[in-house]
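One structure is given below, encoded as C-alpha cells.
Chain nomenclature is as follows: A, B, C and D, assigned in order of appearance, with residue numbering initiated at 1 for each chain independently.
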Amino acid sequence: MNDEIRIAVLGVGKMGSFHVESLTRRTRGARVTVVSDVSDEQAHRVGDPIGARVVADPAEAIAADDVDAVVIATPGSAHEAQVLACLEAGKPVLCEKPLTTEAATAAAVYRRETELGRRLIQVGFMRRFDREYAALQQMIAGGDLGAPLMLHCAHRNPAVPEFFDSEFMIRDSVVHEADSARFLLGEEIAAVSVVRGRPTAEAPAGVSDPMLVLFEAESGALVTIEIFVRTGIAYEVRTEIVAERGSALIGLDQNVVTKRAGGTWGGTITPDFVARFGQAYDDQMQRWVDAARAGIASGGDAVDGPGSWDGYAAAAICEAGVAAVVKGERIETGMEDRS
Amino acid sequence: MNDEIRIAVLGVGKMGSFHVESLTRRTRGARVTVVSDVSDEQAHRVGDPIGARVVADPAEAIAADDVDAVVIATPGSAHEAQVLACLEAGKPVLCEKPLTTEAATAAAVYRRETELGRRLIQVGFMRRFDREYAALQQMIAGGDLGAPLMLHCAHRNPAVPEFFDSEFMIRDSVVHEADSARFLLGEEIAAVSVVRGRPTAEAPAGVSDPMLVLFEAESGALVTIEIFVRTGIAYEVRTEIVAERGSALIGLDQNVVTKRAGGTWGGTITPDFVARFGQAYDDQMQRWVDAARAGIASGGDAVDGPGSWDGYAAAAICEAGVAAVVKGERIETGMEDRS
Amino acid sequence: MNDEIRIAVLGVGKMGSFHVESLTRRTRGARVTVVSDVSDEQAHRVGDPIGARVVADPAEAIAADDVDAVVIATPGSAHEAQVLACLEAGKPVLCEKPLTTEAATAAAVYRRETELGRRLIQVGFMRRFDREYAALQQMIAGGDLGAPLMLHCAHRNPAVPEFFDSEFMIRDSVVHEADSARFLLGEEIAAVSVVRGRPTAEAPAGVSDPMLVLFEAESGALVTIEIFVRTGIAYEVRTEIVAERGSALIGLDQNVVTKRAGGTWGGTITPDFVARFGQAYDDQMQRWVDAARAGIASGGDAVDGPGSWDGYAAAAICEAGVAAVVKGERIETGMEDRS
Amino acid sequence: MNDEIRIAVLGVGKMGSFHVESLTRRTRGARVTVVSDVSDEQAHRVGDPIGARVVADPAEAIAADDVDAVVIATPGSAHEAQVLACLEAGKPVLCEKPLTTEAATAAAVYRRETELGRRLIQVGFMRRFDREYAALQQMIAGGDLGAPLMLHCAHRNPAVPEFFDSEFMIRDSVVHEADSARFLLGEEIAAVSVVRGRPTAEAPAGVSDPMLVLFEAESGALVTIEIFVRTGIAYEVRTEIVAERGSALIGLDQNVVTKRAGGTWGGTITPDFVARFGQAYDDQMQRWVDAARAGIASGGDAVDGPGSWDGYAAAAICEAGVAAVVKGERIETGMEDRS
C-alpha cells in the first residue's frame, strides 16, 4: 500500500500533541486528518498547522470517513467508550495506558475484541519498544540467564503535579512496571503488596512518596519496585533481572558525553521521559502505523505490540496495588483465565 | 508542502540500498522514484519492491522529470560529474563522501555552486548527526571547556576487504576524522603527518595497519588518530577533546544491557557502523529531506549539514594525508581561502 | 610505644588464618604470639611458621602473660565466653561477627563492658573500613543528599556450603547488612520482614535462596536486601542510598582493566570476599592494633570501629530476621534503650 | 628474620616524608632510624616524632652502623653519588626516580652494580605496583591480546610549580611513561619524537603544555603520550593498549561512589598522586622491605621491582626526549646492549 493511512488523534494535550508531532514529522505512512480535544482552542492550536480537521466529539471523530485508525490520548476515564467505539467501527486503535480504569471493564473490552475476532487494540506500553528493554527481554527469553528469580525496578521522576497521591502513583506510574514485569518475566502477576516508608519532605501531607511495591509472579519470582516521583533530580528508570545463571541491568545513565571539569567527572542526567523514551515512542508509532496499514489492507489483525489482554492485566495489577496501598496488606490480583 | 519529494538514488550497493530503505521506511516526506546502478540486476532487486523505475544512466536519472532531488552513493570517482549535473539541473543532492577524489576538483565544485548562488550540495558526513558528536560539538562551541588543545581519536573496524591499503585507509576511513575534527574544533587543518608502526599480522604485506595520523589545526591544536581497520573485534569510534578547562569523551561502549554471568561482566561491542551510526544516518536523511523540500519550495538553499566547502576541506586533508603516508613526512594541506 | 603488642588469635581456620597473615605480614605494631584452635594440627600449621605458641584452651590463651590483646575467629557459639574472659582480663579484643548468637547475651556483654567502664570490644564489621562504604557514609552524614528514604542492598555469593539454610543466610550474611544499614542510616532498625520467593534450582530442598529482606528503620526509612548466596557468578555487594535530594551507589564492578576482545567488552567479576574486602580487613586490623596499643598504654578505651552495642544491635536484628523467616510475618526488633 | 631492618631516609621533603610515614605506620619489618635533609629543621620535624637520629651528611647516614638499608628521596642530581655509596657499602637502596640525571651515569651505575655481583638497587617506578598496571601487564604478557601494536597514554596533573618547563615535563613526568611503556610492552624504546601543540593559557611563556610525545619501540609498536600538567582538573593517568586480538584500558575514573544529584551524575576526580597511587607506593615499600630483609639475611640480591637497568633505560629515553623537544626532531635513544 503506497497511500498513507488517515489518523484521528483524540486528546491533544502533552501526550497527544507529542503523538501528532511524531505522526507528522517522524513517522512514514500515516497522516493526521482529525484531532479532537475538550479544549477547542488546543485542538486548533495543534490541528491547524498540519491541516487537520477539528472534531469536538470523539465518537464522531472515530466514525469519520477520513479516519482509518485512531490514537487515543484522552484521560483514562474516557478510554473504555472510545476503544469500544473503535472496535465496533473496525478501526485499529493505539490507546495510551490505561486501557480502562478498572480491571472489570478492561476484561470486558478484551472479551468484546475476542468476540469480534480481530485484534485491533494496541496499548501504549512503549517501554517494550525501548532498545534496552527489548534487549533485556530477548536475553531473558533466550534462556541464557536461566529462570528469573527477582526483578528490581526503580522508577523516579524529578517532579509531578500536586494531585499525584499514593493511589495515583500506582495507577499512573507503577502501571509501567506492571506491564514491563509481565513482558520481561513472561508470566502473570499473582499478588501485590505495598510498603509505605518515610516520605520525602517534598511530598504533600498524607502522600507516601517514595513507596516500595512488591509483585509476586505466578512462578514465585519477586518484583521490587521503588516508586519515587518527587526526587528533584532526574527521570530514572532502572531494571535489574536476577536469574539462576546470571544477572543483567538496564537503565544506568548513558554516556552520551563524559565530561571532566571542575573537580568532577560525569554526565547529565536524563531530564524527562522524552529524553529517555522518545525513541521508544517513535518506534512504537512507526510499528503500529505499519501494522495498522497491514491490518486495514488485509482485514485482519492490526497490532504489533501489547494488546488488550496486556491492558487488562495491567489494570488488574494496579487495582490490586491500589487496594494494597489503602488496606496495607497483600492483595491477590485474581486475574481471569485468558482462554 | 504536503507532497513527498521524489528521489533518485544513484548507486544501490550496500550504502545506497541502506539509503533506499531509510527513505522508504523511516523517512517522512520523500519517495524513491528512480534507482540507478551499474548492475541492472541489483538496481531491479532494490527498485522493484518499492515501485521505483530503474534508469541505467545516472545523468538521465538526475535529469528525469519525476526526480526532485538526488542521493549519490556511487563510487567516489563518479561523484564529480554527478554532483555537477545536479547543480546544473538545480536539484538538491546528498552526496556520500568523498565529494570528489581530489582537492582540486572538490574546490571547483564548491566554486561552481557559489557561482550559481544556491547551496544545493550536502555531503554525507553523517557523524555530525550522531547525538554524541552533536553534544560534544555543542559543549565545545559553548565555551565551557575553554580552547581545545588536543583531540584524540580512535577509529577501528573489525575487518575490511583486502584492497584496503594504507592510502585507502586515509581516503575512506580517516576522511571521517577529517570532517569531525573540523566540526569539533571549528577551524581548518593546516598539516598532516602519518607514522607507520608495527602492522597487525592480519594486514596484507606492505599495508600499515594500524597507523597513527596527526593533524595540526590552524590554532596549533593537535589531533591524534589511531586508524586500525582489521582489529577483529568491533566497530569502535571514540573521541576525546582535551581543552583548557576540561576534557570530554564520547564513544565508550554503550550500556544497553550490562550482563553479569560466567565470571565476567560487560556488554556486547558494537558490531558495525549501522549499529553505531544507524540513527545518525536516518536523522541525516530526514533533515536533508526536510531541507530539500524547503529548498525546492522556496527556490533557495537546500542544505542542512556539511556542504561542498566541507567536502573540499576533507579532500584537501586526505590528499595531504596520502602524501604523508607515501613520503613519510609532514605535509601542509595548503587549503584555499574560502572567500 | 615502640614495641609490638602480642596477640592471641583464637580459631585459625579460614578467617583466623587470614587474620594471622594480616598481623604477620601487613600490619605494623603487633605480633602473633599465641594461636589456639580445636584442631591441634591446624593450630601448629598456622602457628609454627611464625614462631607462635599453640595453646589448646582459649581461656588459657586469653589469660597468658605473653598476650596483650586477642583476636577471636572461633565459631559464633564460643564468642560469648571468650569475649567476657577478655573483658575480665582487661585485654582488648577484636571479635569476628557475631558478637554472640542471641540478642540477650549480646546485650549482657554490652552491659558488662559498660559496668567495667572501658571499651575493650571491637566487632569485626569490616565493611565500615571499606573505602566505598566509608565514602558513602560520609556523603550521607555530611547532609548533602538530605534525609535517607530508602537503601537498596544486594548481597550475592557465588556459592556456599550445603548447610547454608534460610536461617543461616540471615545470621551469617544479612548480619553484614544489619550493621551497614545502621552505619549508613545512622539510626536503629525497628522491624524486619522476609519474603521468600522462587528458589534457584541450586538451592537445597526447603531453602529459600534468594530471599528478600526488608528492614524498617526508626525514622521510617526502608531497607531492601536481596540475599542470594548461590548465584554461581561472583561476589557482589552493592548498596544504593535514595535520599531526599539525591541518590548514590556503591559496589558496581570496578574497572581495574576494561578489555575489548572476542566480541564483548567488560571486566572480571570479583570472585570472593578477599578480592572485594581484603583492603577493608587489613585496614580494620591496622586501625584496631593502633587503638589497642593506645588503649593498653593509656589504660583507657581500645576500640576504633564498631563496638559491643553494634554487636548487640546486629544480633537483635538477625534474631528478628530469623523469626520473620520462620513465621512469615513482620517482626519488631524490640531493641533495648542504649542508656 | 624477626627483627626489623633499620632504614635511613635521605631527603625528607614531600616524597621522603611520605616514605617515612609509610615505613613507620603502614609497613611491617622496617624502622626508620636515621633521616637526613639539607634542612636541619625539616629533618628534625620528620625524625624527632619517630625517634630517628638526624644525620646531616648523607654519606655518613649511608655508612652508619644503625642503618641496614637506604631510601633515597633527595633531588635527582644527588642520586648518583648516594646510590654508588650504597653499592660500595653493600646496603640495599630504594632510589626515587630518576636513578641519575644522565643516561651515561645511569649506565655506569648499572655496570658497577653488575661488577659487584649483587642486585642492591631498586628504582621507585611505583606504577608497577599499582593493581591496574600490574593487571594490564599480566594480561599483555599472558598473550591473550596478541602482539601489542599501540599504547595510548594520557598523563595529566591539575597544576605544577612555575619551573615545570617543557624539558622538565619530560624528565619528571614522562619518565613514568618511559618505564611503564617498557614494563607493559616488554621491550626497549628505540626513538622519541615530540610535537608541541597549542599551549594552554595557563602555561608560562615558552612552555609547551600540553605536548604530544611519541615513542617507537624496537618491534615498531608506537606509544603516544599526552603530557599535560596544568589541566586545572585532576590527576589523571590513563593507558590503553591496542593489540592484535583486542584492546584494554586502565585509568578511567573509579566508581567509589556514583552520585546523582543536582541534575548530574558522576563522581569525584582523583585529586592527586597519593589518591591515585598511594596503595602502589605502600605496596612498593612493603615488597622492597621484604626483599631487602631477605637480601640482607642471605647476602644476595635485594630487589623486588625495577632495577638499575630500568633506571638507565628511563634515563636514556628521557635524554632523547629532551633532545627531541629542543631540536624538534626524532631522536634515537641509542641504548647500550644489556649484556
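For this structure, a couple of remarks:
By definition in this document, a contact is a pair of C-beta atoms (placed from the backbone, for glycine too) under 8 Å apart; a residue touches a chain by one contact, two chains touch by 3 or more.
A quick note: this is a predicted structure, and the numbers were derived from the prediction, not measured.
Of all chains, the one whose mean C-alpha position sits at the greatest distance from that of subunit D is A. Counting C-beta pairs in contact across C-D and across B-C gives the higher total for C-D.
Between subunit B and subunit C the centroid-to-centroid distance comes to 58 Å (mean Cα coordinates, whole Å). Taking the mean of the C-alpha atoms as each chain's centre, subunit B and subunit D sit 44 Å apart. The distance from the centre of subunit C to the centre of subunit D, with each centre set as the mean of the Cα atoms, comes to 38 Å. Shared interface positions of subunit C, defined as residues touching 2 or more other chains, are 233, 245-247, 260-262.
Residues of subunit C touching subunit A in their complex: 146-147, 149-150, 152, 154, 195, 197-202, 210, 212, 214, 216-217, 219-222, 224, 226, 228, 231-233, 242, 244-247.
Remark: subunit A residues 233-234, 236, 253, 260-269, 271 touch subunit D in the complex.
On the subunit A side of its complex with subunit B, the touching residues are 2, 24-28, 51, 131-132, 135-136, 139, 144-145, 245-250, 252, 254-262, 279, 286.
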